[in-house]
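Once you scroll down, you'll see the structures, which are given as structure tokens.
Consider the two complexes below, in which subunit A is the common component and subunit B and subunit C are the respective partners.
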Partner chain A sequence: MYHEHPLRILRYSAKNIWLLLFPLLRGIQAFHFDPEGIYAWLRGAWFDILILGVIIMFGLVRWNFSRIDITEDSIVHREGVLLRVRTAIPISSISVAIAEYPLLLIPFRGVRFSCDTRAGLLKSIDMKLLVTRKVAAQLMKCVPEVDRKKKLADIPKADIWSVLLFSVFFSSGFSGAVYIAAFFFKGGDIAQDIITRSLSRLTETTSKLTFGVLQKIPATAIAVGIFFIAAWLLSFIVNLFRYSRFHVESDSKSLNIGCGVINRRVYKITSDHINFTDLRQNLIMKLCGAVTVNINCAGYGADSQHLPVLMPIKRERKLGRSLEPLGVVGGVKLDFRPSPAGIGSYIFWPVAAALAIFPLSDLLSEFFPRWAELSLFAAIMLEIPTVWLVAVKTTATFTSGVSIYDKKLVIRCSHWTAFHTVIADKENVVKVQIYQSFLQKPSRRCTLCVWLCGETVAKYRVRALRLRDAAKIVELLEHDVRHKNEKN
Partner chain B sequence: MQQRSLSCWSTMFATRMKKTKDGRAVVLFCDDRHRFCFYRDLEDTRGIAALCFAGKAVFGALIAAGTLGLMKVSVSVYLLERFLSFLK
Partner chain C sequence: MKTYKPDRHGLTTLRLLIMLASAILIGAVWYFIPVKMIVLIIAAAVGTAAIFSMFVYYPLYFRSLSYDSTEREIIKHSGVFIKSHQAVLYSTVQYTTVVTTPFARHTGFNFVIFFVYGGQLRLLFLRYDDAMEILSRTSVSRNVEGGDRDVS
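The block that comes next holds the complex of A and B.
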């Protein structure tokens, strides 16, 4: 039987224990080192100290009642004082076990352990614990280790360039803005002060710039631009720290992934529990023939901060057959492709949006002349991603498609600005749907939607397929179902 | 349209509750194909029983105190009435 890390007492004590710590710190600051001072301080702060003591005592009791048992076939965690909730996870059900070593916890030898199965509510992690290094090692030992003798030797290494490019491609101004917002809301008054001061300095600088150099661009537009560049840079740095020292090793049964500098994370993944693999690209990566290999497995990339990456960035040609045991197949020729005449179903909405932006901006300027400059700037800023989307969707028309061979289904498609090559076992297909719009009906084209199983169902869509091709795909998948039923 | 019955739409729908022989409720978490993955239950019901007993005791005491108080008030009112009628 093990306990959680003693630091957990603070968490169990109360969510807002720090609220009581501030008056206490103020008291300590006001305290003078003389007997009368001690007496005066105690007389003033005795109630705070008493409340703090009670809260910590409560946390200590809860921590003492939180117990971890590692049995032969399962990990059991009990918590609660009066209501004893027991969670028992069989080791064979564990899809992913994660050990996280945050920099802040290193002096205390603390490790965040979590494990997830294919069940549970939405994408939540099934068991989260804060434990000592010794206990974390014991827990991680439960999950099958990669056999050194049977290790797959040809797995491509993720070098520094791969991680750097990955951080460049997968950083965004929006996620940076989210970090700033999180810092703003969670950081309390001090963080709010810092951000507000920085923003007012940014506004001052941009107004000077507007006055002196860039007179035609409104100050708000420059401020928004600088803010998003700074946010992107922040997101890039965070990603760089998160995916540096990326390391993968695997045998046929399990997979070990390690990444991160400040918050080092070690994942142990059961290969059988990988639902499907997804080779992701954006337009630049597509033109360069580079891919990011992602895997869909319960618990891996379950939190919004981490992507389920198996290989940060690699040339598609260089993947070869090394990742085949993990379900990644490179250079698959597509059996069923969209009809080029159906390009309209790919680019109709992006083109319509691209054409509508400037007239809408003009209309807005007519009604609100004071906002004319800003509306023009916003229109230009919106036009860039829309034209980009038109380029992506045009490329998607000629690169999308479906292929079925042996027991695998390969879908090449696009979702917003990303290209996906999904490789899944046929038995992981949950649902297939064919639908036709009234424009597709006369040309006998259709859209094929495929849903793949997992903790949450994933949907992939290929547009402008010929109806007979789509029917053939369904038939091929259905044939497999019949075959399976006959076997059962 | 073709749909398999093997897999449910979300693992959320595969979660179900069962009662054990000793009357405890166990939540069984299953994957999208309804295969058991892990369970969560209330391990020890003695705590709940103690809590219920304490609750009942407090409730009983409150009722008793209330009844006694009411009786005391009504007796006092009766005596006061008698005393006032005596004075008249």
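The block that comes next holds the complex of A and C.
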């Protein structure tokens, strides 16, 4: 029987007790050692200290009641004082076990352990524990280890360039803004002061720039631009730290992945629990023939901060047959492709949006002349991704398709600006749908949707397929969803 | 097939808890709100809701609640206004959680949660022995039962 790490007492004491750190830091900053002062402070704050003591005592009791048992075939966690909750996870059900070594916990020898099964509806982790290194090692030992003798030798290595390019492609201004917002909301008064001061300095600088150099661009637009560039840079740095020292090793039954510099994470994944693999690309990667290999497995990439990456960036042709035991197949020729005449179903909405942006901006300027410059700037900023989307969808028309061989299904499709090559076992297809709009009906084209099993909805769509091809795919998938005309 | 009914002690405990919660709520309203009429209206509303739930809704809910257990699956029947019947195969259970209170045999507050592909099945207000018996049909029972003995 093991206990959680004593640091857990703080968490159990009160959810946000760490927020007391900021007033404490301020107090320390303003504190001058004086015995009289300490006595006066104790006289004034004795009740607060008593309450704090009770909170910590409550945390201590809860921590004492939180117990971990490792049995032959399960991990059992018991917690709660009045409401006693006992969770037992069989080792055979564990899809992913994660040990996280955050820099802050290294001096305390603390490790965050979590494990997930295929149960549940949402991407939530089934068991989360804060434990000592010794207990974490015991817990990780429960999950099947990669057999050194049977290790797959030729798995491509993720070098520094691969991680660097991955961080470039998968960083975004929005996620950077989310980090800043999280710091703003969680960091208390000090963090808010820092951010507010930085923003006002940014506004002052942009006003000077507008006045001196870039007189035609409104100050707000420059401020927004600089903010997003800074946010992107932040996101890039975070990603770089997160995926550096990326390491994969595998045998036919399990998979070990390690990544991260500041928060080192080690994943142990049961290969049989991988639902499907997804080779992701954006337009630039597509043109260069590079891919990111992702896997869909309960618990891997379950938190919004981490992507379920198996291989950060690699040339598609260099993947070869090395990842085949993990279900990754390269260079598959597509048996069923969309009809080029059906390009309209791919590009109609992006083209419509691209054509509508400037007239809408003009209309807005008519009604609100004071906002004309900002509206023009916003229109240009919106036009760029929309034109990009048109290019992506045009490419998707000629590269999408479906292939079925042996027990595998391969779907190439696009979702927003990303291209996916999904490789799944046929038995993992849970639902197939063919639908035909009234515009597709005369040309006998349709859209094929395939749902794959997973913790969240995994739906992939190929548009503008010929109806007879779609019916053939459904037949090969051994699903009984045939078009009424085909049945007849 | 064996049918399990909920523990009637659970209803009594639930009634006591509702009474306690209503008393605290009415007391807080009486203490913090100086307008007597508002206090009376809120107290009447809280009292009516408490009486309705204690003597109408929960008795009907307990009457509707039952669990059928076969070799392969467990079926939960429940619902006062809308009847629902949920079945889960024991083989699809990924892991289990058991929630109990001190004096579990007397409070009737014994809950078993089966986590399965795509969701969960909650078996509420079971007798302690019934909860353990149902658990014994899954592969994870031994650990949960053992754990319980250790803590109690």
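Keep in mind that, in the parts below, the second predicted complex is superposed on the first by the 454 of 488 C-alpha atoms of A that agree within 3 Å, B and C clash if a C-alpha of one lies under 4 Å from a C-alpha of the other, contacts with A are read in each partner's own complex, and residues count from 1 in each chain.
The rule is short, and it goes like this: contacts are C-beta pairs under 8 Å (C-beta built on N, C-alpha and C of every residue); 3 or more make two chains touch, one makes a residue touch a chain.
Just so we're clear, the structure is a prediction, and the values are computed from it rather than from any experiment.
Visitor: After the match on subunit A, would you call subunit B and subunit C a fit or a clash?
Guide: With subunit A aligned, subunit B runs into subunit C, so clash.
Visitor: Where does A:Thr456 make contact in the superposed view: on subunit B (first), on subunit C (second), on both, or on neither?
Guide: After superposing on A, A:Thr456 lies in contact with subunit B but is clear of subunit C.
Visitor: Which partner chains sit in contact with A:Val474 here, subunit B, subunit C, both or neither? Use first/second/both/neither.
Guide: first
Visitor: Looking at the overlay, what does A:Glu4 touch: subunit B (first), subunit C (second), both, or neither?
Guide: A:Glu4 sits against neither subunit B nor subunit C.
Visitor: Thinking of the overlay built on chain A, is A:Lys431 touched by subunit B (first), by subunit C (second), by both, or by neither?
Guide: first
Visitor: State whether A:Thr87 touches subunit B only (first), subunit C only (second), both chains, or neither.
Guide: After superposition on chain A, A:Thr87 lies in contact with both partners, subunit B and subunit C.
Visitor: Which partner, subunit B or subunit C, touches the larger number of subunit A residues?
Guide: B
Visitor: Please work out whether A:Asp69 is in contact with subunit B alone, subunit C alone, both, or neither, and reply first, second, both or neither.
Guide: In the superposition, A:Asp69 contacts subunit C only.
Visitor: Now that the structures are stacked on chain A, which of 61-69, 79-87 or 97-105 shows subunit C clashing with subunit B?
Guide: After superposing on chain A, the clashing stretch of subunit C is 97-105.
Visitor: Is there a shared patch on subunit A that both subunit B and subunit C touch, and which residues make it up?
Guide: Common to the two interfaces on subunit A: residues 78, 80, 82-90, 93, 117-121, 126, 453.
Visitor: Okay, in this complex, where on subunit C does subunit A touch?
Guide: 93-102, 115-120, 139-140, 142-144, 146-148, 150-151
Visitor: Given the complex with subunit C, which residues does subunit A contribute to the contact?
Guide: 1, 65, 67, 69, 71, 73-74, 76, 78, 80, 82-90, 93, 117-121, 126, 453
Visitor: Which residues of subunit A touch subunit B in their complex?
Guide: 78, 80-90, 93, 117-122, 126, 429-434, 453-457, 474, 477-478, 481
Visitor: Could you list, by residue number, the parts of subunit B that touch subunit A in their complex?
Guide: The contact residues of subunit B facing subunit A are 1-4, 7, 9-12, 14-15, 29-33, 35-44, 47-48, 50-51.
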